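You will see two complexes here that share chain A, one where it goes with chain B and one where it goes with chain C.
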Partner chain A sequence: MDFDFAFMFEAFLAALHYLPTTLLLGFLPLVFGSIIGLGIALIRHYKIPILSVLFKWFVTIFKAIPVVLILLVSYLVFSDSVDKIADSLSWSIRFSDLDRRWIAIFALTLYATSGLSEIFRGALASIPKGQIDAAYSIGLTNIQVLRRVMIPQVIPLALPLLNNTLISLIKASSLVSMVSVVDILNGALIEANVNYRYLEAYIAVSLIYWAVCAAIEAVTAGYGKYANKSRRRQFA
Partner chain B sequence: MNEFFKWEYVITLFPKVLSALPTTLLIVLFATLIGSFLGLIIAYCRIERIPVLNQFSAVYVSFIRGTPILVQMFIVFYGLPSLLGAIGIDISMWDKLYFIYITYGLSTAAYFSEIFRSALSSVPNSQYEAAASIGLTKWQTYRRTLIPQAGKIAFPNLGVSIVNLLQNTSLAFSLGVLDIMGKVQTLGALYYRVLEGYFIAAVIFIVLSISLEKVFDILERRINAPKRIKQNNVQPLQLDRAEAALTVQKNIK
Partner chain C sequence: MIEIKNISKSFGKNNILKGIDLSINKGEVVVILGPSGSGKSTFLRCLNFLERADAGEISIDQTKVEFNKAKSKEILALRRKTAMVFQQYDLFHHKSAIENIVEGLIIARKIPKHKAYEIGMDLLDKVGLKEKRDAYPHQLSGGQQQRIGIARALALTPEVILFDEPTSALDPELVGETLDVIKKVAQTGVTMIIVTHEMSFAYEIADRVIFMEDGVVVEEGTPKEVFEQTREERTKQFLARFAYAR
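What follows is the complex of A and B.
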């Protein structure tokens, strides 16, 4: 068994060069997905007539589709329709000019949204009904109740759960090489294409993913400790 | 747009894609079996804090949870033959499907071990001590007190994990295995109709995940059933009493 540590280090450095892309593909879908997911959660929480049923189906369906499929289909649809739409609206955008990363971000957002909306819905449901009644009783409007009572409680509740989504997003971002985006995995593989030392490349990449995910877990654990501490201080 | 998606191709391709369903289900089955077995061992090592194995399994679980399954798959695919080749076992002629089983089994083991661990540690410590006090051996304690209680707690999480596993198996095609996604890709190359294939795959995955979820729901209800039957036996009596009370009230009025 021959294992080339020097090349592994080389691939590691080459992959590290693309770390910003992977982080971007992890964080941006999380942010977009949180915003849309919170919207969906609110719509479903207030049971707005047609939309809530629509989004219920949206969430069930997108929870059941593998992320690869979402990625491949959105790439296919984009590659086919962007040029046509641009033609019909006489824009000067071509598909080939488009940064492929945005397609990946779009697909990952779609993937993250369903899970995130469920997280927010759970958090919304966990707020006791009495608080909302109390807020209405002192004459707050709907939006004020949302802004001053519900959202401030939902976000700390949902924050520890978001780390799971972020980790799964970062892991899912390893698939973007299928839509020809160069992330850390693809970066290392390009390096390995020269001498076919794929094992070293994959191990180097796995170390980076591991480090990133361990860092996210550590930050979450730290936040949990901090939140507990501040809560305790309030009582003291 | 009319050339883009055609329903007649959906109808012609559907049986062909469906023929790859057993491969996907087999991956899920083997991964679940390997995962439960290894996961229990890992959970046992971590709960009993067996010196070296405890640290090793902690690192293992953290590694599996922190890396994409795609990367794990290729590490197993490239790494295992050269690792076993060093000992003198030649597996380079193995079918790729075996590597998939191993990868998904190893990955599932890590997730399952966390589920088992949290379920086992949620059983109160006093139960363990009580079992020890009446002279049960460790194996008996686990089999008769801890696992039956932990199983109930772990079951819903296992269901979620298996549904996730089902969706993750869609990556097996990148190794060249003909599961549902692999079949779609090859048919796409044959017929030049990729989108219809993806549509079929999506439908199959949606139906599979939702029906798996339903099956786990039903099983979960059945596991927790005995209590409910007892409650049902009590209810008619209470209703009778309520009616009697009502009639008494009416009579008074």
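What follows is the complex of A and C.
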């Protein structure tokens, strides 16, 4: 078997061109999912009636659905409803004009949210109850307790755990060709379609995924060291 | 003047507080004694609504609040007249010593920052921890943490400070310094309710001692009356357990 290093490099460059898309598909769902996930975690932490039960089911269900299915169903729902909704609101937007990446971001957000909400829920639960009592005892309101005591301790606790989610998202983003988004994988495959040198293309892309994930791990490790050094939050 | 009437609290079927009355004069130091599980912590926690009592009322300085009916505004107002010192100190872990002290002033009381920090530094001095201004809780010993906890309570110049076993989580050699700070604060005329198992400290600091068991006040009087001229059999039994420790 001959392995064409030159073509691998070519595919590598072609794929690299789409790195921003892959990063976008990793980071945006992480950010959106974290915001929504924190909201869900708070609703469940405070046991807000109806909503907390609703989101409990949301989390249970979405934890069990493969990301491919979320992606495909989102695509079908969007393709079916965007034109209708746009018509009824007399917007000029068409489904065919829509950047497909938004569908991917939507689906990946849905995929990440349940796990993220569990991370934040765990972090919320690990704040010592006594500190919250103390915060109320000095006369803070519910919102102030949340903003001044809980959130500032939840974020640093959750942050290092987000790297796993980000890595899952980056890897899951390789499926977006199913909704015709070109990411690094798809970009390399387009190159290989010409000469059928798929192995070279796959390996080239693997290298990029590996480098991205290694970078994420390095940043996390650096943060962990920083957090340990400043040791601002230790839960005795 | 603080007046507490008929405070009752159950957890499920367990009736923990069975109608406790207590009135406290300004500047008075009341020590509550009682066996484990008698409801001492629950009593203190009900006073500032960390637990919601089922019945009873409290008035501090003409403001009367019924425990079971209080709205969040009244609860907040009441909490701003009280402060609490906790057994486990419960400092905010993500804040330095001084930040712990000024938090309530700046956020709850809306006092300007520089003013709050001035007050905070004075209090750090008072509890003997001026040099620990920027230390985080995990960098402080238990005794130091508790002294910061006391400063945090004092900062709010509350009508009454509630102490729930302030030294029972401390190593024996750190108890003394913490009790000394509490004594010093008591001398400045701050009204206090203190739950403690430190009998000689109770004897020394209390204007009035209350012995509580099973959610009721069994006996009440000056330290001399309760410790030396004990009337109730149950109090005698309880105190006998500490006879050697004294």
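Operating definition for what follows: the second predicted complex is superposed on the first by the 231 of 236 C-alpha atoms of A that agree within 3 Å, B and C clash if a C-alpha of one lies under 4 Å from a C-alpha of the other, contacts with A are read in each partner's own complex, and residues count from 1 in each chain.
One rule holds in what follows: contacts are C-beta pairs under 8 Å (C-beta built on N, C-alpha and C of every residue); 3 or more make two chains touch, one makes a residue touch a chain.
From a predicted model like this one, the values you see are computed outputs, not experimental measurements.
Enquirer: When the two structures are laid over each other on chain A, do chain B and chain C clash or fit?
Expert: fit
Enquirer: Would you mind checking which one, chain B or chain C, touches more residues on chain A?
Expert: Larger number of chain A residues touched: B.
Enquirer: After the superposition on A, what does A:202 contact: first (chain B), second (chain C), both or neither?
Expert: In the superposition, A:202 contacts chain B only.
Enquirer: Looking at the overlay, does A:153 come into contact with chain B only (first), chain C only (second), both, or neither?
Expert: Touch status of A:153: second partner only.
Enquirer: So if I put the vertex at the Cα centre of chain A, how wide is the angle out to the Cα centres of chain B and chain C? Nearest 10 degrees is fine.
Expert: 90
Enquirer: Looking at A:13, would you say it contacts chain B, chain C, both, or neither? Reply first, second, both or neither.
Expert: neither
Enquirer: So, does A:144 touch the first partner chain B, the second partner chain C, both, or neither?
Expert: second
Enquirer: Applying the document's definition of touch, where does A:218 land relative to chain B and chain C: first, second, both, or neither?
Expert: After superposing on A, A:218 lies clear of both chain B and chain C.
Enquirer: First (chain B), second (chain C), both or neither: which does A:134 touch?
Expert: second
Enquirer: Just to confirm the geometry: in the superposition, how small does the C-alpha gap between chain B and chain C get, in angstrom?
Expert: The answer for the closest chain B-chain C C-alpha pair is 12 Å.
Enquirer: Is there a shared patch on chain A that both chain B and chain C touch, and which residues make it up?
Expert: Touching chain B and chain C on chain A: no residues.
Enquirer: Per the contact definition, I'd like the list of chain A residues that touch chain B in the complex.
Expert: 1-3, 60-61, 63-69, 72-73, 76-77, 80-81, 84, 167, 171-172, 174-175, 178, 185, 198-199, 202-203, 205-206, 209-214, 217
Enquirer: Of all residues in chain C, which touch chain A in the complex?
Expert: 45, 48-50, 72, 76, 79-80, 82-84, 86, 88, 90-94, 103-104, 107-109, 136-139, 149, 152-153, 156
Enquirer: Under the definition above, what is the set of chain A residues touching chain C in their complex?
Expert: Touch residues, chain A against chain C: 128, 130-131, 133-142, 144, 148-149, 152-153, 156, 231-236.
Enquirer: Using the touch definition from the top, list the residues of chain B that touch chain A in their complex.
Expert: 1, 4, 62-63, 65-72, 74-75, 78-79, 82-83, 85-86, 167-168, 170-171, 174, 181, 194-195, 198, 201-202, 205-206, 208-210
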